[in-house]
Amino acid sequence: MNASELTKLLENVRLGKTDIKTALTRLKHLPFEDVEYAHIDHHRSLRHGMPEVIYCEGKTTEQIIGIIKRMLKAGSDILATRASSAVYTAVRKLDKRAAYHTASRAISIQHKKKALTKGIVLVLTAGTSDIPVAEEAVVTAEALGSRVQTVYDVGVAGLHRILSKKDILDSARVLVVVAGMDGALPSVVGGLVDKPVIAVPTSIGYGAGFQGLAPLLTMLNSCASGVAVMNIDNGFGAGVLAHRINLLGEKS
Amino acid sequence: MNASELTKLLENVRLGKTDIKTALTRLKHLPFEDVEYAHIDHHRSLRHGMPEVIYCEGKTTEQIIGIIKRMLKAGSDILATRASSAVYTAVRKLDKRAAYHTASRAISIQHKKKALTKGIVLVLTAGTSDIPVAEEAVVTAEALGSRVQTVYDVGVAGLHRILSKKDILDSARVLVVVAGMDGALPSVVGGLVDKPVIAVPTSIGYGAGFQGLAPLLTMLNSCASGVAVMNIDNGFGAGVLAHRINLLGEKS
Amino acid sequence: MNASELTKLLENVRLGKTDIKTALTRLKHLPFEDVEYAHIDHHRSLRHGMPEVIYCEGKTTEQIIGIIKRMLKAGSDILATRASSAVYTAVRKLDKRAAYHTASRAISIQHKKKALTKGIVLVLTAGTSDIPVAEEAVVTAEALGSRVQTVYDVGVAGLHRILSKKDILDSARVLVVVAGMDGALPSVVGGLVDKPVIAVPTSIGYGAGFQGLAPLLTMLNSCASGVAVMNIDNGFGAGVLAHRINLLGEKS
Amino acid sequence: MNASELTKLLENVRLGKTDIKTALTRLKHLPFEDVEYAHIDHHRSLRHGMPEVIYCEGKTTEQIIGIIKRMLKAGSDILATRASSAVYTAVRKLDKRAAYHTASRAISIQHKKKALTKGIVLVLTAGTSDIPVAEEAVVTAEALGSRVQTVYDVGVAGLHRILSKKDILDSARVLVVVAGMDGALPSVVGGLVDKPVIAVPTSIGYGAGFQGLAPLLTMLNSCASGVAVMNIDNGFGAGVLAHRINLLGEKS
Amino acid sequence: MNASELTKLLENVRLGKTDIKTALTRLKHLPFEDVEYAHIDHHRSLRHGMPEVIYCEGKTTEQIIGIIKRMLKAGSDILATRASSAVYTAVRKLDKRAAYHTASRAISIQHKKKALTKGIVLVLTAGTSDIPVAEEAVVTAEALGSRVQTVYDVGVAGLHRILSKKDILDSARVLVVVAGMDGALPSVVGGLVDKPVIAVPTSIGYGAGFQGLAPLLTMLNSCASGVAVMNIDNGFGAGVLAHRINLLGEKS
Amino acid sequence: MNASELTKLLENVRLGKTDIKTALTRLKHLPFEDVEYAHIDHHRSLRHGMPEVIYCEGKTTEQIIGIIKRMLKAGSDILATRASSAVYTAVRKLDKRAAYHTASRAISIQHKKKALTKGIVLVLTAGTSDIPVAEEAVVTAEALGSRVQTVYDVGVAGLHRILSKKDILDSARVLVVVAGMDGALPSVVGGLVDKPVIAVPTSIGYGAGFQGLAPLLTMLNSCASGVAVMNIDNGFGAGVLAHRINLLGEKS
Amino acid sequence: MNASELTKLLENVRLGKTDIKTALTRLKHLPFEDVEYAHIDHHRSLRHGMPEVIYCEGKTTEQIIGIIKRMLKAGSDILATRASSAVYTAVRKLDKRAAYHTASRAISIQHKKKALTKGIVLVLTAGTSDIPVAEEAVVTAEALGSRVQTVYDVGVAGLHRILSKKDILDSARVLVVVAGMDGALPSVVGGLVDKPVIAVPTSIGYGAGFQGLAPLLTMLNSCASGVAVMNIDNGFGAGVLAHRINLLGEKS
Amino acid sequence: MNASELTKLLENVRLGKTDIKTALTRLKHLPFEDVEYAHIDHHRSLRHGMPEVIYCEGKTTEQIIGIIKRMLKAGSDILATRASSAVYTAVRKLDKRAAYHTASRAISIQHKKKALTKGIVLVLTAGTSDIPVAEEAVVTAEALGSRVQTVYDVGVAGLHRILSKKDILDSARVLVVVAGMDGALPSVVGGLVDKPVIAVPTSIGYGAGFQGLAPLLTMLNSCASGVAVMNIDNGFGAGVLAHRINLLGEKS
């Protein structure tokens, strides 16, 4: 039942064409019967303040192009994650504004430049190999409108590296800490700041790293309180959450 | 090397009593040699905006009482988690203001009533058995100064329960979602709101729940973006993080 | 918004007291704003054809008694699983009709004897130690109204035992096969019948049985097609599902 | 000992050519000594009401063609799952009627069109990437003779999608719910219907999804009662079980 | 259908009272319809050359006594494993001949002393704590009639201990090697002898021993070929298998 | 110290050239100081009654050829497992007698045909896909001198298949049962025979089969006593053990 | 064959009583036939420079007392780990010199005070709850003769704590770092020193700590090179290894 | 703040240009604000006595060349591990002195030949396939300046192999024991020597070896005390630790 049908029902009630008992019955199950007024894309944009994001892994180029076309027509900005360069070539053909973020393998199309937040999302990595995951968080948070800074390769085995960044750490409103191997950086960062810390384990490592299980467990057991954890390699999710948290500081 | 010693060293340099090379050597390793100015309790309170919290599991009553005495003397508020009622009896003897939060097994002592935040931390549970973990989050966030609301027993197998709470969901600044068994509630809540969602898996369940592993994995793989995860049964950590996020909205 | 409030709104529309646009707005979000008409117990009973079941593990006797009182007042039948004999004593004091099923540790109260289905739910176990889980399925399916038969201790290491029951196997409409240790019985049973087979792994065993993980994996990998699996020791769930499947054959 | 040999033995008994003691001895071990009368394909077809299905993974094209030839000669319908397009090309050369179901990678040959059931098997997926597994269930159930409907991409992070399908959910006799990542959809669906729900976890996801372990555990721990679980990606098994359950409603 | 019923059927065929087609139908499904001639206890004893063994874990004293009574009446020897001393007291009251093997917690009753095999089953342990599991193998193999020798506490961290037993190793027909912790002994023993080696991991150890998982994996990956592995702590199974292998050498 | 050196030392003692104390010192540490007399290949052949076997996985063709050359020169028979056809081509160039066992990917060279054992090693598989692992056992046992019979594709989902082979089962001296997926066949076979059963799990399956973990656990937890388990896909080890057991029956 | 027997053999060779071939045969297998000269306790003490240590877990008080009596008679120092206070009471009755180390639950008896090493073994813990494991390392290393220092409760969430101990860190010859929960301390310490670091994970923590699995994996994946890991809670092993390493610096 | 800036500050204090309070403020946060004096490479070299090592896995050739260039300019020796031959070709073009260690896939460049230690690092492997990991340890320890010896293919299934190397074992100052499959060699070696033993599990094996998990657990549970464990396949880390331990014996 969409809005016009609902209007019609109510008019019929007013006009006496439909008796109240009949209307009551139909309305009782309304939520379950009708979401015509809740079109997927628009609804999500309204609910979440962000457009739908396309996760490309396991989708064909045709499917991705099809979805992007439909979204562009609807005036939506585009963010497509884990896209191959082949996908990018196809998207680029569709729309010249498409940008490819090589490290994170993300594609973005923005209709107009957004005003960025005053608050800063700070994205850190323990090692160089963690950068692709970090960049996914960066591209995502920026696409949503957050100002982002990055500090890479400051793992705990050389503590002076992270300690020398104390000022930058203090200036951030929310921090995304990306680490593979021992995943110890979020515990150290979490002890240095009083802001929300989002930890992202990566699959970087080998042997008993078990494709990211080791840093995932490390982070879940962080002795620094107030550290929350994302799925392994989930830079995208960290970017979304960081932006949502960042927005809270903008609001007033 | 504390502040006065440092002053003395600089004075000696000025007076020519210590040559620059000697001073240089001592100063090079300064950060590693001296934290007298960074007294544990005060420092943390400054850094994190929260007093040290005592995790009672595996500590003797004597140790806990010892720590609380030292902290009270320093004028600090007290929050002790996972405390048995026996511990409470002992703490109560020490300080009449001590309150025991039975469900969460937490003890708190507050020197003066805090002004609470305007923003609301909303704590939800999927089932009744998840409440003790949720209450640990509640007690923690309140002890830190957050206004907290709770909605319990709204698991996804009876969707109308959570759907009927849409208004409360929308009014919260940050949400803590506590669930055992299938751990599906955060995915549903994450799809309904545009605020940060902190998911806490509990060890509630049996068999292939594997003491909370099942809801932990569910939450890490949440199809709702922007959901971060705490350790199993870690209501305390969720309370800390929720408060930190909540504070961001207060600040301006 | 409950039924009477909804009626009132519709009456106001008819009377012209409320204009359509205002009504429209309220109704649009109806499912999210109001479940007063969907009282938990009654709603579930309508939706699922079965009363709410009380899982006693981790609830205090007081909580259990409280819930049962409320349900009895509502005229509902009672099924409480994993209840200690202490809980039973308390329930018995409340209602003389309460029956305790020792093997499965379930309590049931029925207002009037149900007519049982024609179709048979057959519950089998591989060993004697699997019987408590099997009995939970039996009590549940019977409480819901299914006719149940049982064949116990027919594990595959002595094949003649299950082969001798071919007639009973063929007479069932749906089969629940309960097994611990190697969990091989559902594969054998699944190859002998053309009816739905519900496999329930139990935590019976030791060592590399890993509290039921071994039979769980065995059953998930059953080489007999058409076998579905429940959680370890979840006799209750198997009873519910078996009854639902059984009902399909009654319906016409 | 096949049927004709058995007949001969009985005739010899009748004619007095074989004394009873000798016959007794041979017959005592009959099941163990002779399955000539129980030819693999025919026997299964009789027992299970479905032809043997060829699981192609790990078989050479030659082996597959060999099996299909033998089955076609026996007049059997063909269903071959997880077949590459190369295998299809070879099968197509053998028999022009062969159809290839691209999404599910299944090949089917049917001698004559089957009358479909009145009852509906409803197959749902949480995401687009789960469709291949769902289609395996669809092709299987249809090949066996069930009427199938599908509702795809209705994951719980956008609840309105599944809520809008309430009518279709209610019209089904049995539901197959396919989901990867958090695997939460079966819990929600299980709470909305009173029919048997078969949950199929998929290997869709990454990181802590552990190739389908996460949704598998979610589903095994579903807080909705009456949900049974198949192996990861086992659309075929779900199709078989759904059909068997569906048939129960046809029978009278 | 038992032997007399079968005789009767054949007689009726001979007498022409039953026509061949009818007899054929009944006989076709014989194995599935009748195991009256295969009484559980006797059948197993015939098939396996060993009486049924009672696994006491999880059975009540009443159940155990009931089973033993029935078996004694049938003239069977008794072996009951993992029995508490309380159970023994009860069994002893039943039959004075009952012996309790304290280390292995096994009870045995033998009607007459068996002649032991010439061949030797050699049972070794890596440590002192592994002895209870080893003794379960010893008691079992002896109860079945094997001559058993034992060499305990010869773990690989002090190699000279096992090396000094070379003669005993060489004299055995089959070896049972019991080890917890690193589970390395079977690899060393397997390299020293040319006889079958049965490895039994124990749950002895702590931490990353994971209740026997570590030695289990070690043994499964033994670099000595010809080593087979039992479940963790399964001394009973090792005793049975060792006896069966031992018997092969006796037979001619 | 090799045999000739040792002889010389003893001669020197006899001749009085070396005093006893000196000789004593050298001999005390003999085992640790000298294995020149224990040349790897010969020693193993003496100890184990079988030549060294070459596991090709992870060795270069050059390494494999080098080892085979050295062994052929020593007059040893050759068995090389998990060899690619490329390796075979190279071996064939070296020695025309080389045979390649395609299914098991094994290469064998035998100097003269061995007399086979009277006793039979019976190798069974649950499915067709388990055959390569089974064939590795077959080739190994035959190369060592055992008479081998095979029964393939007799999985428990179609019980009549294994039941019809009762005679062959009874005729074997030792049985190797190879199965993937649910790994249930060894439990059934173990209940039908009174001979040693060696169970070999395979990595055949998908999803929750976890590359052979499922059948491995099933077999370790077999409810049939006297079943021992090899590593996943370890047909070679099963062949060695089966031969060793088989030899016991030949010996007298 | 002990030394006197060996002497006798050699004398017989010299005297011509035993011919060389016979002697050769006996000597060839010497290491395997005789370890009478390698008495367990003395041999280990010679080989390892440390007395045998008694691991009390799972031994009865009688067994422990028996072993200690035998060792005391042999003049050996005593170290018994994981001993209950009940065991201590019994040991104390045996020998007044017995000392009980409450935190580590270790008992030691030393015949005379050892001269300690110059080099320092430094034992650190992340938290207070890790101290019992640390103390086991301390007691062990001291019993063996190492000088030990301790720095407790310096986890990485409050970095200033470990940084302030830079001097002590630099003064140690080998470091034992004990940590539960996230297990991050060894990575930080490993980055601050150039000495060997032995990491000991503890079972301290809850939920996804999985009884020490989390810190174990963290430490195995340490991004600081040169960190080796002990079993969970294995303070004893760390003490032994630290002492052995420490001794290397003493030796010249 | 680097050394020259720090000197300048001190000079200004001496000259009275900067007052003490201002200097104090700057110095208080020195470690956190400035690591210019702690240039990554130099600092590490000072702290750890070893140059930074480049782990090539997951870095592009360009990145690796860039890092090497920067390090060569700084006069640093080069060690690059897990480098493909393609990377080597590029490095070789950059610097003719570059050597490629094929087995370990490591590249090294040394400015001048180092004097090696007197003490010996002994590296052992259980099998031939473990050699690549062992060689990584060898190359690393040698690049750092240790004298290294190797003993390969001395697994415990043929004990005489390791026993014959007793002299070499005794001559080593520290031992690195590399093993896959059952990982039993470190337990045996640890029982034969009184020196530190570093165990390195490898991913060699199959099936229940689980990519090195089996030998990892074996080693963590070693019954020989004083054995520490590295990550699976981490030859590099073992080389670093062995060198550090080795150096302790050189120092005096």
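The chains carry the letters A, B, C, D, E, F, G and H, assigned in the order they are written, with residues numbered from 1 in each.
As a working rule, a contact is a pair of C-beta atoms (placed from the backbone, for glycine too) under 8 Å apart; a residue touches a chain by one contact, two chains touch by 3 or more.
Keep in mind it's a predicted model, so treat the numbers as computed, not measured.
Count the C-beta contact pairs for F-H and for E-H, then tell me which is higher.
Looking at F-H and E-H side by side, E-H shows more C-beta contacts.
Centroid of chain E to centroid of chain F, CA atoms only: how many Å?
25
Between chain C and chain F, what is the separation of their C-alpha centroids in Å?
About 50 Å separates the centre of chain C from that of chain F.
Averaged over CA atoms, how far is the centre of chain C from the centre of chain H? Could you give it in whole Å?
Roughly 59 Å, centre to centre.
Can you list the residues of chain G that touch 2 or more other chains?
Chain G, residues with two or more chain partners: 31-32, 158, 163, 191-192, 207-209, 213, 216, 220-221, 225, 231-232.
Chain pairs that touch, all of them, please.
Pairs flagged as touching, ordered by label: A-B, A-C, A-D, A-G, A-H, B-C, B-D, B-G, B-H, C-D, C-E, C-F, D-E, D-F, E-F, E-G, E-H, F-G, F-H, G-H.
Give the list of chain H residues in touch with chain B in this complex.
3, 6-7, 10-11, 13-14, 16, 20, 23-24, 27-28, 30-32, 37
Which of the residues in chain E come into contact with chain G in the complex?
It comes out as residues 128-129, 158, 160-161, 163-164, 166-167, 192, 204, 206-209.
Taking the touch rule as given, give the residues of chain D at its contact with chain C in the complex, in rising order.
Those in contact with chain C are residues 31, 47-50, 53, 119, 163, 173-174, 191-196, 198, 216, 220-221, 225-232, 236-238, 240-241, 244-245, 248-249, 251-252.
Using the touch rule from the top, collect the residues of chain F that touch chain H in their complex.
Spelled out, the residues of chain F in touch with chain H are 29, 31-35, 38, 40, 43-44, 57-59, 63, 201, 203, 211-213, 216, 231-234.
Under the definition above, what is the set of chain A residues touching chain G in their complex?
Within the complex, chain A touches chain G at residues 126-127, 155-159, 163, 181-184, 187-188, 190-192, 205, 207-210, 213-215, 217-225.
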